[in-house]
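One chain, chain A, appears in both complexes that follow, with chain B as partner in the first and chain C in the second.
Then we have the complex of A and B:
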């Protein structure tokens, strides 16, 4: 039972991380190869604040997310003006830079041996509540003016610009929101696993999140969440060796990209079920 | 000092092979081809295997080195053509948006890396030593022979590529397709064949750089992630511009060697990141100065 709890908890944390990737890729069409680095920033900042200053968990959780947002601002500000290819390069470089800094500041962060002794403050109910809250926020964001403008600029930047959308600002705002959410996922991970090491946050994690988003369909938040749920729990339960798991992911993604480019779910959202019912009800009335 | 500059140049030469292989595909299909990294790992292993299975004990020294490089280049070309067939052909038929190419290339890169991990384990292998003496003396300073050969071979490969691009009919086709695919097809150019040839050239360069990387570092599945250096170099040079990519790569090599001297290899990625960020802020169009417009 403990084993299943731990899988569910880690899946929940991954789902929050995938939400961040979904926002960056699904809404504004940019690729972040350093999304996991924001998780590292959130995790390390919150863990170190607790270890050094003994701040309580809710405070450090907020500060961790804030630190990730700040890092997102530093990375995003120069890059949103550039071609889309550049943001993937810059986020990748950012991820490598964060790892190299963490590895080389052993007195402060424990270096490559990792940061130990973080108190356990996170359990399954908290993660579940967090997933629901974050999901609610992201879903609201997608349907808000911001989300719609982001979607517009993803489809055609030039057209969006000519409609009066401030493209760069929109990209930055979405990127910051995504960094904050990913940072929060990092906080949860730190206070759940009680141990942090720089190697956990390399770019393959970010790439795996991207793949998850793509399998679900970049237009569908529901799809991204379901594919996160399935793709992280199933292999754990079936105990695939990890390189075979990634191999199978890759084949799935290639098939999807070639034969069903919109992902499994296309642009279908679960909220449509409910909306259809209410609109049917409204027409009856 | 002289030694360090030389080391920087040879590092830059390897980066320029990667960057040009990267820029070739960018030139034609207008996306950043991350599967190039997978091709590099793959060919590095292929070269190693060729050494063990075919050439061990039969030939030595420079002959063997040339043979290994040729095998790697050939395997690289074949792999890259295969990648084009599996990953991009259908996307081109569907005229899919650029992000799909991008995702497809990343996926293929990760796929190759994991195939290697499964069949060759994630252990480190050390590459064969090709040259009996490791240093030569010129003007009282000793230079490493491996660096020297790397520089020489890279220049030859680049020269060959430039010849093909600017002096042959195939090269004309490549340049035309990179200008505009549809117009090129109207002019009677078989775009599919040109794209295949481009991938083959890019793969061959990737193969040669794979062997050099294997010699410089050791052999491990993630070797190909050094493709990022090529990416950085081609951004510095101006995306899709071949000459720019070469200049950017040599600059990057020298800067990196300088940084290793100053801050050590551990913090080097962080410093390179800062340099790159500053460069993107100051001159986003790259040294060559032509910015590639996103097609509407």
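Then we have the complex of A and C:
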């Protein structure tokens, strides 16, 4: 039972992290190969604040997310002006740089040996509530002027500008919100696992999140969440196949990308089920 | 160099616009103007620099030289989105709709930069946000009805037939409530009956809003039916200008088109 609990908890945390990737990739169409680094920033900042100053969990959770946002601002401010392909390079470099810094400032972070002694403050119910809250915030964001402008610039920056959309600002706002959400995922992870090590946050994690988003649907939050759920638990379910599981995982991903290039859900959202009814009612009225 | 400073009452006043790409002078010393409520056509052979001129006016490229004034306010050198918000809307030769959004949302993007709610009302879906979005949707619906796209709000733009995509792009450009609207070959790819339909639509919209229209077009039917004034571009330079009938008889213009016109 403990084992299932821990898988579910970690899946929930991954889902929140994936929301960040979804926003950057699904909404504004950029590739962040350093998204996991914001998780590191959130996790380390909140953990160190607790260990050094004994601040209570809700406060450090906020500060951790804020620190990730600040890091997002530092990376985002210069990169939103760049072409999309460069953004993946910059975020990749940023992610690896963060890991380096964490590894090399051993007095502060414990370096490669990791940061130990973090009190346990996170359990499955808190993670579930967090997933629901974050999902609500992100879904509202997508369905607001921010989401629409982001999606507009995702398909066509030139046309978006011709509609008066401040493309760079929009990219930055979305990027910052994504950093904050991912940072919060980092806080949850730190106070759940009670142990942090820099190696956990390298680019393969960011790449995995990108895969999750693409499998779920290029522009579907519903898809991203379901695919996060399946693809994080899948390796565990395939555990009996030991070393074959990575292969099976990869084959499944390849098949989906090959036969459904827009991902399983494309841009379908579950909210359309009830939106259709209301708009049909409105047009009759 | 003619450094004449003209004080004129043109709503859109473009003077001696120039732009080179490497060694190619795409637009050279091109001036044109549009009075309030006027429909102005820009014609010229392929590659004459018409679309480049539009791109210079709307800020896609910064001009090497020259000025663009809207209502007396200098716009050249400003960012594209700032120019759009200043009141210049446009459509594109190769339709550029937002594929990730529905038909309705495409038009709603026009009011989104001004929507009266901030980040936190957005992510919490506060009542103010919901009300503002409802109003924006109603307004967008009005524009869709105007161009004859009522009832297709939830469709995806890429699923619409070509002619309707053109109309949607027009509705989207109208929705930013521009003082001047630039149409880049709005009738390209339309069949003859769609062209007549389109001319009617532009007439109707023009009567209703009385805004200024500047358009690029090859279809002479559209040019002669709609424009009050014509500017002819050839190899980046202004070849002739005036009312449609005079321009039509201008021997230089006929030569530039090598009979293409008749």
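Heads up, the rule we're going with is that the second predicted complex is superposed on the first by the 255 of 285 C-alpha atoms of A that agree within 3 Å, B and C clash if a C-alpha of one lies under 4 Å from a C-alpha of the other, contacts with A are read in each partner's own complex, and residues count from 1 in each chain.
Throughout what follows, a residue touches a chain if its C-beta (ideal position, glycine included) is under 8 Å from a C-beta of that chain, and two chains touch if they have at least 3 such contacts.
A quick note: this is a predicted structure, and the numbers were derived from the prediction, not measured.
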Query raised in the report: Who wins on chain A residues touched, chain B or chain C?
Result: B
Query raised in the report: Can A:173 be said to touch chain B (first), chain C (second), both, or neither?
Result: second
**Report entry** Which superposed partner A:156 touches (first chain B, second chain C, both, neither)
**Finding:** both
Requested in this report: Mind working out whether A:164 is in touch with chain B, chain C, both or neither, as first, second, both or neither?
Outcome: second
Requested in this report: Would you check which partner chain A:140 touches, where first means chain B only, second means chain C only, and both and neither mean what they say?
Outcome: second
Query raised in the report: Touch check for A:219: first (chain B), second (chain C), both, or neither?
Result: second
Report summary line: Residue overlap on chain A between the chain B interface and the chain C interface 156, 158
**Report entry** Complex interface listing, chain C residues touching chain A
**Finding:** 58-60, 79-81, 84-85, 89-90, 92, 96-101, 105-106, 108-110, 112-113, 115, 117, 119, 122-125, 129, 133, 136, 151, 153-154, 172-173, 176
Query raised in the report: In their shared complex, at which residues does chain B touch chain A?
Result: 31-32, 86-87, 90-91, 94, 96, 98-100, 102-104, 106-108, 110-111, 114-115, 117-118, 225, 228, 231-232, 235, 239, 264, 266-270, 272-274, 276-277, 280-281, 284, 291-292, 294, 296
Report summary line: Seen from chain A, its contact residues with chain B in the complex are 25, 29, 31, 78-79, 81-86, 88-90, 92-94, 96-97, 99-101, 103-104, 156-158, 203-204, 207, 210-211, 214, 218, 243-244, 246-247, 250-251, 253-254, 257-258, 261
Report task. Spell out the residues on chain A that touch chain C in their complex, using ranges where they run on. Result -> 137-138, 140-141, 143-146, 148-149, 151-152, 154-156, 158-167, 173, 177, 219, 267, 276, 279, 283
